[in-house]
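First chain A sits with chain B, and in the next complex the same chain sits with chain C.
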Partner chain A sequence: MSDDAKRRSAQLVVAVLLALLGFAAAAQIRLTHQDGSYAGQRREDLIELLDSLAAAAERTQKQIDELERTRSDLLSSSERREAAVEAANEQLAVLGILAGTLPAEGPGVTVTITDPSGAVTAASILNGVEELRDAGAEAIEINDRARVVASTAFVERDGVVLVDGHELRPPYVLDAIGSSHTLSEAVIFPGGLADEVSRLGGEVAVEEAAVVEVGSLHPVDPPEYAQPTDE
Partner chain B sequence: MTNQAGGGRPPPPPPSQSYAGLLSELMTNTLDADYEVVASRRSAATGASPQGESGGDPRSGWSNRAGIVAAVTAFGVLVGVSAVKTAQDQPQATAERAQLIEQIEAGQARLDDLHGDLSALQADIGRRQQEQAGEASAASRRTDDLQHLAMSAGTAAVTGPGMVLNLDNARHAVPGAGGLILDSDVQALVNGLWVAGAEAIAIDGHRLTALTSIRFAGQAITVDYRSLTPPYVVEAIGNPDTLPSRLLETQGGQLWLGLRANYGITFETQTESTITLAGDAYNNLLWARPVGSR
Partner chain C sequence: MIAIIGLLIGVLAGLFLEPTVPLALQPYLPIAVVAALDAVFGGVRAHFDGIFDDKVFVISFFSNVLIAALIVYLGDQLGVGGQLSTGVVVVLGIRIFSNVAAIRRHVFHA
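Presenting the complex of A and B:
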């Protein structure tokens, strides 16, 4: 055997050994690497960690369940509240129109009272308002200034008509919301407002309209003597 | 150690009697002598020694080398097998460990998810509670508004001091003679009460609202389309100290003083410390709606 052959066989052996060593080392490193941040921890530590994780998850889940119940309570109460709010808003709209705090619109009539001789009195206008109320008027205003509500006061001072303190001058224009036909019938009914005004030398014109706007407002002051009852 | 003088001779055999000598012989001569013996024996046997001292018996060289290779290979195989075994054993030993770690990581991911859910839920509930608190205060404002409006509109019951008026036709009154109470008389009286500062009025228990009409039908007054029979009772809530006197200053009050004086119509007033008026039950409006609601 030559020196060359001997050298080769020796190199071969070394190569094989190195390969095995490399394989073993690589296998070891791979296994070690898998552990990652848990490399230094014993199996018992890991099991304890797993247990405490499970316990923490359970606690958190319980909290979540509780909060979900709270939320569903909130949701159903907010649904109830929304229904109540809707009802309250409808009521507010109706009361606002009745009390005169909201501008209103709807079908109705515009009644124009001319009074060339200045003979039409506050009482005549009040009578006209009563006729309109009797015919189902739901909102009334005079001369786009005076909103007529339950407590509206009609006063005559020195020949001037004052409605809730508003000085009104003829022609008196009454806007009334309601059934336009019924309202106009009531005004021109024999013995009604039209007759009375013509007797006083004035004239009444009624115009039915699909939309009449009652835009003036009556401020609501808190009552001084009337208190809500406990019912 | 002796040193004998002599020319051309190989170095004398070292003294073999001392330990130091043996050691140094081992160090210096080691196998040389043996090799010489073997080599001479070999050359004697073959008659030629072409390979010289470094040659030697090929078989004995091979067996030596084979032994070394075998030993090294065995060592390599041992290391390799041990490495492979370790590589195979370790997954088994750490299969459980890896599984544990996997479970831990899954558990942590789940906990993170749960914490995310929890904080989202808390934020959501906080937002809703805040909303509802806002709604509640809006609702209480709305309730206050509703109460004021309903009192003003005449749909809520109210109580307070005020005055009570008793009205009746004149005794033996006949139509046209002036002894009958007309709707315009009652309208004027009610108007006078509003002028005098009344806050709520009812006629025979019927609360007056913006919709209430006071009319005359047949021989009787109608309030809110309901026919009333005399005597009529008008109740008004307001300042009991000023309401009666202010009423008498109004045109309505003056009218009624005249009716009483001239036609014998009953017109009695008295103050009350507590009057309770029911609210008018109302239905939804049929025609009027808030501007811009449709």
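Presenting the complex of A and C:
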């Protein structure tokens, strides 16, 4: 074999090997660039990948559970708060009517005491108020000006009736909310307010109404000395 | 010259024939390619040193590829395939660098 031919065959062999290399490299590069394919990965790598995915899923699931718990906690606490607010509002209404800070309306009676001789005293009116209270009156006002509450004072100065500082002139009109029949009975029973007033020369008229409005309010100052205590 | 044409033909064939690599060969192909690259750079260096021998080149090419694949296969069987293939790539990379450095000295005299 001549030297030239030998060189040529050597070059050919090298060329074939290089072609093999280029072919393999190109195939491998194409394989690597097929994204999303785990086909070429070895088993341990895949297992590791699977493990890490499982761990991530577990962590995420834990997070989901925690967040759901928090959510239900928040929901129930907001429900509780709503219930508390509702209860507080209800109590506010009850106490407001009791304390005279809220206007009220409902079935009741209107008691009109005429007093042409000026003989009806504050004590008689207080009597009448107490009769109404005994009969279950929930809100009372006199002459659309004086709301009768727990601390209401009935006094007389120079023949004028003062209720919580309001000067009242006859005729005295008592609006009371409650069971209207019971209230009217309480006014006109023998020996009661009606009898007392007529003995003094006045007259009592009771009118039952489906809707009586008690619109006057009793101003309330916050207590200065008394502090609420826990039960 | 023929060698470079051969390389080009191989690359073009790989690109245009779109060969599918058999599943069993897939873990070994990248290692084999790196090993062959090492053999090629070794051959180029020998060529510049004036001691190139085609028989040596062919044998080193195939033995490189086979040993690299064997080591990875063994590693896979032992459960340390990933680490061993990393090791093979590191060793071959060092050899490629030193060969390229020698080639560089011949080409640029630096």
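One rule holds in what follows: the second predicted complex is superposed on the first by the 158 of 231 C-alpha atoms of A that agree within 3 Å, B and C clash if a C-alpha of one lies under 4 Å from a C-alpha of the other, contacts with A are read in each partner's own complex, and residues count from 1 in each chain.
The rule is simple: a contact is a pair of C-beta atoms (placed from the backbone, for glycine too) under 8 Å apart; a residue touches a chain by one contact, two chains touch by 3 or more.
Computed from a predicted model, the values in this text were never measured in an experiment.
Chemist: Can A:Glu44 be said to touch chain B (first), chain C (second), both, or neither?
Modeler: second
Chemist: Taking the superposition on A as described, I'd like to know which of chain B and chain C A:Asp4 touches: first, second, both or neither.
Modeler: After superposition on chain A, A:Asp4 lies in contact with neither partner.
Chemist: Quick one: is A:Val13 in contact with chain B, with chain C, with both, or with neither? Answer first, second, both or neither.
Modeler: both
Chemist: Answer with first, second, both or neither: which of chain B and chain C does A:Phe23 touch in the superposed model?
Modeler: both
Chemist: Is chain A touched at more residues by chain B or by chain C?
Modeler: Touched residues of chain A are more numerous for B.
Chemist: Would you please give the residues of chain A that touch chain B in one complex and also touch chain C in the other complex?
Modeler: 9, 13, 16-17, 20-21, 23-25, 27-28, 31, 43
Chemist: Please give the residue numbers of chain C that touch chain A in the complex, ascending.
Modeler: 1-15, 18-19, 21, 23, 26-27, 29-30, 32-33, 36-37, 40, 43, 54, 57-58, 61, 76, 79, 81-82
Chemist: Applying the document's contact rule, which stretches of chain A touch chain C when the two form their complex?
Modeler: By the definition above, chain A touches chain C via 8-28, 30-32, 39-45.
Chemist: Along chain A, where are the residues that touch chain B in the complex?
Modeler: Answer in residue numbers: 1, 6, 9, 13, 16-17, 20-21, 23-25, 27-28, 31, 34-36, 38, 43, 46-47, 49-50, 53-54, 56-57, 60-61, 63-64, 67-68, 70-71, 74-75, 77-78, 81, 84-85, 88-108, 122-123, 126-127, 130-131, 133-134, 136-140, 148-156, 177-179, 213-215, 220, 222-229, 231.
Chemist: Which residues, counting only chain B, touch chain A once they are in their complex?
Modeler: 58, 61-62, 65, 69, 72-73, 75-77, 79-80, 82-84, 86-87, 90-91, 94, 96-98, 100-101, 103-104, 107-108, 110-111, 114-115, 117-118, 121-122, 124-125, 128-129, 131-132, 135, 138-139, 142-143, 145-162, 183-184, 187-188, 191, 194-195, 198-201, 208-215, 225, 237-239, 250-251, 276, 282, 284-291, 293
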